[in-house]
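This report refers to the structure that appears directly beneath it.
When the chains are written out, they are named A, B, C and D in that same order, and each has its own residue count from 1.
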């Protein structure tokens, strides 16, 4: 199986004709992702990368019936793009854009409730179900289909984890970047719930980091859900100083909240296997899975 | 982006919020002049972008102009190290000289983005003057929080509820509600992330007066508020951090010996963590980002090397969008220009890895190559003089 | 039984110390309604009509545990009062205030969704479950307990209907004024659903009027719900000219929509017994019930 | 509260929305002067508070100033009866004299409160110049509606969607989106119930220009917009209705013979309906309301009697908050002052009914009492000369 996307997923690219989108849409097509259309206001009627371009998401939905949208637009119109996708009926929206103002994201979250749409990101590399569909900007070739689900707040660190897993012979069911911003769409807990019901997934690796409380919420979820699969976690930022923003807008210890140590304690107490050396994500996951099987 | 107290108070003044009468002083002469004009005991407040100034000696009372001049001479040009600044502290270039005010009561009022609840929150406490984190920890029942949404704003009844929680007299309830309405409107219209008035004083004449003010704007929103960008005070940033920012680099100076150059924030944190895992101490966080240029990589490596505390360096690149050859060229350029003598461990992975490695090897510079993340980290730690 | 309120309902009065509220709270107490507290900002700690007064609804809820609030406040703070009641956890809010701006009411309706609170009104006489509880400004003495549920957009016309019913020996289970404004809380359809499940109620009388589409929605509901009890309706305004507002802010035929004729046709098609003479509401209801029994 | 086209256009001008150049003229001399200043063919538009002016001859074109003067002389001081005004029409005291514009295309744009969906709606059509109700009925596919909430406003993508629906060229899409943003902001900030620009013209030079504008404000919100209340034009109201409004009465003049005085809007409508049910014709809707005074009742009854069409009157009171004795005293006072000759049927019920009846009986005036609603209505109809 996999979660959220598979080989049947029909993908729309918002902002398709932009430079970054053009590059990554090309890579997605190479990977075999079913891109069906693009949207760029004012360029409706053109074709780009062989795909039809529409002025509005509504028109694209009517003609091409996509079920997932991936967004590459400038940050100040990012919130609008997400809202437009949700309103047009897309149930999964992946926002790559970095730098969307935080108040805009609060408005987006309220908006999404009205439409039962799921958001991945913003400021995310996207997600991939190896061998089926890549909806994001991650290097496709390092992935293999397999039993490990990955949920991560990071980009390159996820690639690192994926490569380690692939190197020890463990493929991935779906690998998802939830995004590095303070306010994001789906987080660890909701995605754990999806992996729970996915037959392909045998273990889930969480890659968290300082800031916010997504990891703590995951711990609360796991504590009360008798989760049937092993969950492992690496939390980045054990060396991070308080009050400093480490690259990601969301990676900051504020008012004493959101430290890596606190997150690790909470996850450990919820039965999660903590990985304290980020170079051993692959090895430790393999150990856990071999013990289980 | 944090702004200074005096800048925040200027915004409050425009909102018709009461603030103490005051003057900005950049020299002791200006301070004595200000104290004379204010014709009363004054408070001198060091304008640095950090909290905890009071305890650190950055807020001083002067009973007469001469004392003001003397104290100003001591503060101006000095560095003020508070609990929030780290060891070196921040330079004091300006003082806010204000008429000293004797409050009857002091409150805390703050507005912030509440990540967990995904809305905005207003917090109030009748125990003003204390940091809110401390207050929430030591005396949570003295703090009341109300959440609201940016499109809806704070309702009158919610503001009133806080006023009654603070046990304000009826005559002040209306003022307080009015104040909160103005602050929330300002917060939303200007894309703030944090706005604190601490303390908010109730003075003898029954007025609510903002004795201190702290405002932080959302950097992401600055492009739509061009008037705010001019408020940035670069003098308050670490020189290396400021230089890095110019090139779009995320660099945070730390106190270790191993310089790290990484692409991606998560991998950069993980690189620091693994250095510590093997007993080393990272000298910095450095994420060169996804859209980096050769020039920026070169500057990044120069910045890293210019930190005298750095003994060894660790370059950890997982090429995706970023190409290893581009990074290699930037690194070689910097190494040449700084006549590199420190040991540098390099781990390259992903896009154009072969080309990158070749460029480094052909440079004739003393790079040490490691095949994976763990070996790279161990080597860098050992080269910094730590025995593993 | 009865719906929404009964002899156990604990009632809070928002704006209790005002002139109108004082008068009507007195009448409610005389009727036997269990008023438990009042709210007037700035008068917290006082007592009024023997009831404790609080500054905020939150405090009143904490101390007196009301489950219904009735609102008598000036129109420009009416929306705030409703929101405050919902936010404080009250599940039924009755707003007597007339003249709340329509955009305020749109905001109220969005707000209420978040709290699962039901609103009656604004611009309503309130509601009464005869012999049990009167939460409103209607003359209590004309009511009798009995089998007829009443839902009405009007005030005095409802009193007329009640008196006619009482005169022919038919009491009322609950009589509800839904309010004469363009945007109101519960409307015919939702209340019909409540009467459906009320064992005391044997027939429901709807008193509608020109404007809006609440009657049409009721017809749609009845058409698809195999409603088990007879429903009768009188629609006021068959003589109303288009484009003129007849007293109630909501009673206006706009753009050809909302005429009495249209409403009557729709209700008739949904199996509702139409009463075309407002002086015969009692008699016709008695006929329908005697045929049924 | 409806305002005049020229008032609505003044708001648009302040919002930087394009409108035709124009002048207001209250005399033929001002009209010729305006036409001269505008130096081109002009359009004379009667300023009455009703739609349908074009078909009713209230919008006329003049090719030269002399023609403008002549046409203005005909319009000014006349009454204009449109499909929306009823027979007598509304007095024309002012003309808007505008430069005639030759549009390339005409659109409809409207904003309103959507009662059914409980939000706001913006409607657009590429077939401007036609009433929206007519358009929705005859050609629904030419109208597109988008709903939005007052706290959220209209999103850019929603405005863009309408622009593409109208098949605007890319250069006009931006203008249209900008226009809609301004209109929705204005609508929300000023508590409008309706705002129509019909037609919105695309002119030869590619500009979007509002050729007509209609704005209705929410009466309930006027207390918080004191600047708007001054825009009310009482000359456009029926004299009796205006007089009634002063006393807080809801009075609508109709064309029948039976005057009705009732408390409560629903009962007042039902009273009109039952009159018709028995073959009579109501002369008016009149709800004296809940908080009525004796003085206001007296004025209400005077107004009712001063309608020469009224043959008989029907007083139907279900006393609740309103006391029957108060109503009786008001009625007697008016009856005396107008030396009542017309037959009056009275049905009193509820609070203080005995006192009320006694006051009427003791007055010596020719009131006819009825015991219930039906008998009262039948009597009033019969007394108006209709045989039942």
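To be clear about the criterion, a residue touches a chain if its C-beta (ideal position, glycine included) is under 8 Å from a C-beta of that chain, and two chains touch if they have at least 3 such contacts.
Computed from a predicted structure; not experimentally measured.
A.B. asks: Return the chain pair with more inter-chain C-beta contacts, choosing between A-D and C-D.
C.D. replies: Pair with more contacting C-beta pairs, A-D versus C-D: C-D.
A.B. asks: What's the chain with its C-alpha centre farthest out from chain B?
C.D. replies: Measuring from the centre of chain B, the most distant chain centre belongs to D.
A.B. asks: Please work out the Cα centroid separation of chain B and chain C, and write it as a whole number of Å.
C.D. replies: Comparing mean C-alpha positions, chain C is 56 Å from chain B.
A.B. asks: Where the centres are mean C-alpha positions, what is the separation of chain C from chain D, in Å?
C.D. replies: Centre separation, chain C to chain D: 28 Å.
A.B. asks: Indicate the whole-number Å distance between the mean C-alpha point of chain B and the mean C-alpha point of chain D.
C.D. replies: Computed value for the inter-centroid distance: 59 Å.
A.B. asks: List, in ascending order, every residue of chain A touching at least 2 other chains.
C.D. replies: In chain A, 107 touch at least two other chains.
A.B. asks: Send over the residues of chain B in touch with two or more other chains.
C.D. replies: Only 151-152 qualify.
A.B. asks: How is the touch graph of the chains shaped: line, ring, star, complete or other?
C.D. replies: Per interface graph, the chains form some other shape.
A.B. asks: Quick one: which bits of chain D touch chain A in the complex? Just the residue numbers, please.
C.D. replies: Against chain A, chain D makes touches at 152, 155-158, 160-161, 164, 170, 173.
A.B. asks: Please output the residues of chain B touching chain A within their complex, sorted ascending.
C.D. replies: 84, 86, 113, 115-116, 118-120, 132-133, 136-137, 149-151, 188, 191, 193, 218-221, 223-224, 250, 252, 254, 262-270, 272-277, 282, 285, 287, 289-290, 318-321, 349-351, 372-374, 377
A.B. asks: So in the complex, the part of chain C that touches chain D is made up of which residues?
C.D. replies: Within the complex, chain C touches chain D at residues 75-76, 99-104, 106-107, 109-110, 125, 137-139, 142, 152-160, 163, 180, 182-183, 207, 209-210, 212-213, 234, 236-241, 243-244, 246-251, 255-256, 260, 276-280.
A.B. asks: So in the complex, which bits of chain D are touching chain B?
C.D. replies: The contact residues of chain D facing chain B are 151-152.
A.B. asks: Residue numbers of chain A touching chain D in their complex, please.
C.D. replies: By the definition above, chain A touches chain D via 41-42, 44, 55-59, 77, 80-81, 83-84, 87, 107, 111.
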